[in-house]
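Same chain, two partners: chain A is paired with chain B first, then with chain C.
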Partner chain A sequence: MFSMDLLLGAVVLGVLLGCFYAAVSVGLSVSFGLLDVPHVAHPAFLVLASYGVYQLNESYDIDPLLAGLAITPLFFLFGLLAYRVYYETFERRGSDAGVRGIAFFFGIAFIIEVLIILQFGVDQRSVSATYIGKSWRFGEFRIPIRQLVAFAVALALTVLLAVYLSKTFMGRAIRAVAQDEEALRLMGANPVRIKQFAFGIATAVLGIAGALLIIVAPVEPTLDRAYIGRTFCVVVMAGLGSISGTLIAAIILGVAESIVLTMFGASWAPAISFAMLLGVLAVRPQGLLGR
Partner chain B sequence: MNKHRHSIAFWAGVAIFLVAVLSMTQIVRNEYPFFAGYVILQFIALAVAWSILGGYAGYVNFGTNAFFGVGVYTAVGLFKATGAPLVVQIAAAAVIGMLLGFAVGLLTLRMRGIFFSIATIALAIIIETFVMNWRFVGGAAGIQLQRPPVMAPFDSYVKMLFFVQALLAVTAVAIARYIQNSRIGRGLQALRDDELAAECTGVPTLKLKLVACMISGALISAAGAPAAMYLQYADPSSAFNLSYSVSALAMALIGGTAHWIGPVLGAILLGSTQQLLAVTISSEVNVLVLGIMLVLFVVGAPKGIIGLLRPRYRLRAGGKP
Partner chain C sequence: MKRRTFLGGAMAVAVVGQGSRALAQQPPIKIGMSMPQTGGLAGGGKASLLGIEIWRDDINAKGGLLGRKVELVVYDDKSSASETPAIYAKLVDVDKVDLLFAPYATVPTAPIMPFVKQRGLLLMGNFSFQVNSKVGHDMWFNNAPWGPADSWAASFLDLAQKAGGKNMALLTADQEFAQNLALTARDVAKQRNIPVVFDQSYPPNTVEFASIIRALKAAKPDIVYVASYPPDSAGILRAVNEIGIGDDVKIFGGGMVGLQFAAVMSNLGSLLNGVVNYNTWLPEPSMYFDGTKEFFEKYTKRAIEAKVDPLGYYLAPFGYAMGQMIEAAVGATKSLDQKGIAKYLRENEHKTIVGPIAFSADGERKETATLQAQFRGVKDKDIEQFRSSGKQVILFPDKLKTGNLIVPFEAARK
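And then the complex of A and B:
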């Protein structure tokens, strides 16, 4: 039953899975972690991106990664719009933004879910590409190449975003607005425009992340519910707004899920991320690398 | 004096409503109105119970489905183990729901805003996963239930369930109304507007939050308990369906949470619209309508229907005009 090889295999797959979780969570790390937007609809946006990729792959036979890149600009605009609406209705008016802001994004998530069901039905959808379906053998265990591709792209995406936020002018502006909005305003910058741009970036990243989601496994319209747990678990465990923390937290989650999957079976897997999230919230709400 | 008169009017209304429901079960032959009416009454109970925590205290509970599912499975477990009658099932569900509410309250004492909401979703998924792996009540596949014979004066089980759910809805409304007019309600409003300020002026915020969690949880679980007998079937993914959460939240916010009548109006309006849509178009479309209504109201009419009807509530509810 239990063997070192099995455990090692689970850990390796867990690390690959973890990097993928980092890619689907970095957007939330910016929108929720840095901008304090209660973005419960983040996973719904993610699944929507997957269906966009599916559509392009299905009708024009475009490689899923290229398709993900192609919808990125659209998602950027979508993010700008979403933040504008959120800002005008909640942040600017100020009062009671908590309850209604959360309900707003919860409603948006449900609308997206139903629209996907109406358009594509409730069946699982997957994409086709040359690297999907094959796997590498290392003695006892196999690693699917789709996992490796997702791992590599996810890692690159997360590192790129981290570099963007720490090295470029705009990236630093985004971190500045998260730290002290008022100071930025006093220096003559417009914090709202920076936040809107940042939310656009956070949503644009979902184009690629959505492609990874459908490369790793088939998607279904209600998949976003499981990813509420995973993405928020990663972002909270990381410490709000910390991109390097996101990567570490995501790998911890990936390894934990992978080990539980190997030891206890798939029926317990959905609860892992939520249980870890509850644990982190109860014990160390500021996360691993909290600001 | 005025308050006293309000009270008499309220209880008279309750009595008339219950008598009307009871005589309806004796007169109407067709069972369909009871099937549909049951669902609407269930939504009244859920929306009102949700608003005790979500509306008065401002803590957005996404875990209505956790409490609902726990109610369903308490009833299923008890029925399967001992064949307990419906009343016992509901009472047990209320007790377990209250205990769960206490646990949620303890676990989330210091969490605010979105963290509380996410924690409640997490709880729902974790409990659902446990039930899925619990063989005794059928696991993921679900379980068939045989209804026991119906008691007099009812001639069908559905009619009896309809009356029982009416009682539960009335109980929820009465409790919400009591809380709203009592020290508890004012304390909850204070902690919603500014928890720190409330704490500093001597409002026992943590205790109030626990009480609100327990009452809300007990009422939601109790409203869920008869669902197993209503459907004669229970399975984890429908008992813990997230749509209960979105419905309760949407109906309460659309109706308006400043007054107990808001969730009732929201539940009646949306519940009957849903029944119509589900029959005439499809169940997906009715979730879509619910979502769109929720977003429109949250953006355009922050105080809900009662805010549109009576501007007075706008001042009472928001803190800021």
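And then the complex of A and C:
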């Protein structure tokens, strides 16, 4: 049964969902897209961040977004440490090729999952805030406020990161290391330190993304598995390393998912998302905005 | 002391000593099982296991089964159907357990049914839904109160029709348990000429339900039957609260897994109000039997250290009841002969802390004892409120009923 109202609603909700997908994927766009690190633990880091936000919200009644901001420096340090361990044990020895690098991050993801279970148990956790559970009405149409919040914050986060990478000295250095590490070394810069810093940035943004994750829906320790496909799909479809591409790809994915959920039946949603990825790669193997 | 008396006394002490040493030396009775302790079903699995452990400790304090201690051999199946066949083969062939309990839930249990049937082993089911319907194993006994396959949907639709419901929307998770529920709901609706105006399954890992709820609302149903899994139940109710479901809806819920667990109930708080959902045990006056109160006193203390569901209503007492049934059957047959135990379980009614249990030929309850209850007056962020009666009023079955349905759904939510 086709209805213009339903289609319009699906597009609006899809754009909101897409921006949220961009926020949870943008860190991976830096770590995997720019640095070539097979960071399959990215969604596990994300879930860890949302548990951090949960802890601050539960214990001190801090707003989830502020809590996300508060853990961002910690996640920056965590990112620096994680990359250093990865570099020393894999990259430096040249043993990061193929599945070995992936195995390292899979291992980290499992360790994080187990640590969360030990600390918080297996139950779902959620946060409370004034904007969760309410909606804005436009006539008959209602939009969940938590999704509007996620949309605004996600948009701001993505734009800020895009500006940082293109306008600041360090941001340009990160892009340079992604383009030609050897050239950077010849110019006297230390590419490992730049990559480590970039990985720190990629992990730091997960503080905010983790807050959005737990604002949008309750979290549980194994939730990372649900996001591993989506985040990699967004980053690859966007074109590796393209931040604005990440936003566009995520919105396309969100809108497609929402239209399919509303108009055709929920069972098709994952298939359509990945079919779109394959379609984009067939026409533009470098992704939407990839070079 | 005369010499004869002293000798007699010494001999008596020696005999008693030998006797108790012989008892202590008897190997324990091993009960083997897998249990989801990680993954999506872990919340339920851990609570169920705690119920079984409390029974083990109680029976061991009473001297064990057949004078032997009871020992549990438990492996984590990670909530996965692919893990359980190997675990159960190991339990039987390597660990040589005496009896088998099934893991919590349908998904991990289904793949071990052919194995136990082929080997002729007794399997005490643990909250599976219809896993024996096609296998037809005559040594399967499910501890869950489900009863006949269609009774679950039938009881919900009974309530819905009495409230004036005439057409139905069906929202189902793409999981075996939920799909089985949906199948019976479609059948019952067809028998009663209730048109299904919306019928959608959603895949696991669906993040956002707002779009689905909008589509459901557009179909203007007056009965909404939802068969969902824990991660989704919270998302669905949140979306219903935000998007609205329409004034036509008389009754909403039915088969939402998750709303039986303390953490989910506490998270959702007032969003639960009005939802009519299945349950197995609730702290309503009609639900207390011999030993129920004592069981929950022990459970409440141990749940804190074990970091499991602090309420434990849904699964834990049924884990204990599973042990009670084995205790009664082994006690009556005075052996561990699995065929004899199965015969006893099939032919008798068993007194347990969740009420009397009698099995039909397929190993499910003869009569359903699955509750349909409506959430009322629930406040936000308060687990303790669920310990008092009146928060989930039992509407079905009649003999356990503690109140009447409030309609429509939007009115019941206030």
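Basically, the second predicted complex is superposed on the first by the 266 of 291 C-alpha atoms of A that agree within 3 Å, B and C clash if a C-alpha of one lies under 4 Å from a C-alpha of the other, contacts with A are read in each partner's own complex, and residues count from 1 in each chain.
Basically, contacts are C-beta pairs under 8 Å (C-beta built on N, C-alpha and C of every residue); 3 or more make two chains touch, one makes a residue touch a chain.
Every value quoted in this text rests on a predicted model; they were computed, and no experiment measured them.
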item: Contacts of A:133 with chain B and chain C, given as first, second, both or neither; value: second
item: Which superposed partner A:13 touches (first chain B, second chain C, both, neither); value: second
item: First, second, both or neither for A:277, with chain B first and chain C second; value: first
item: Touched partner set for A:267, first chain B, second chain C, both or neither; value: both
item: Contacts of A:182 with chain B and chain C, given as first, second, both or neither; value: neither
item: Partner chain in contact with A:125 - chain B first, chain C second, else both or neither; value: second
item: Contacts of A:147 with chain B and chain C, given as first, second, both or neither; value: second
item: Touching partner for A:103 - first (chain B), second (chain C), both, neither; value: first
item: Doubly contacted chain A residues - partners chain C and chain B; value: 113-114, 117, 225, 267, 270
item: Chain A residues within the chain B interface of the complex; value: 32, 38, 40, 85, 89, 94-96, 98-100, 102-104, 106-108, 110-111, 113-115, 117-118, 225, 228-229, 232, 236, 267-268, 270-271, 274-275, 277-278, 281-282, 285
item: Chain B to chain A touching residues, read off their complex; value: 54, 58, 60, 62, 107-108, 110-115, 117-119, 121-123, 125-126, 129-130, 132-133, 140, 242, 246, 249-250, 253, 284-285, 287-288, 290-292, 294-295, 298-299, 302, 318-320
item: Complex interface listing, chain C residues touching chain A; value: 37-40, 42-43, 46, 174, 200-208, 210-212, 214-215, 218-219, 230-231, 234-235, 238-239, 241-244, 258, 261-264, 267, 271, 307-309, 380-381
item: Partner chain C, residues of chain A touching it in the complex; value: 1, 3, 5-6, 9-10, 13-14, 17, 113-114, 117, 121-126, 128, 133-135, 142, 144-147, 216-218, 220-223, 225-226, 257-258, 261-263, 265-267, 269-270
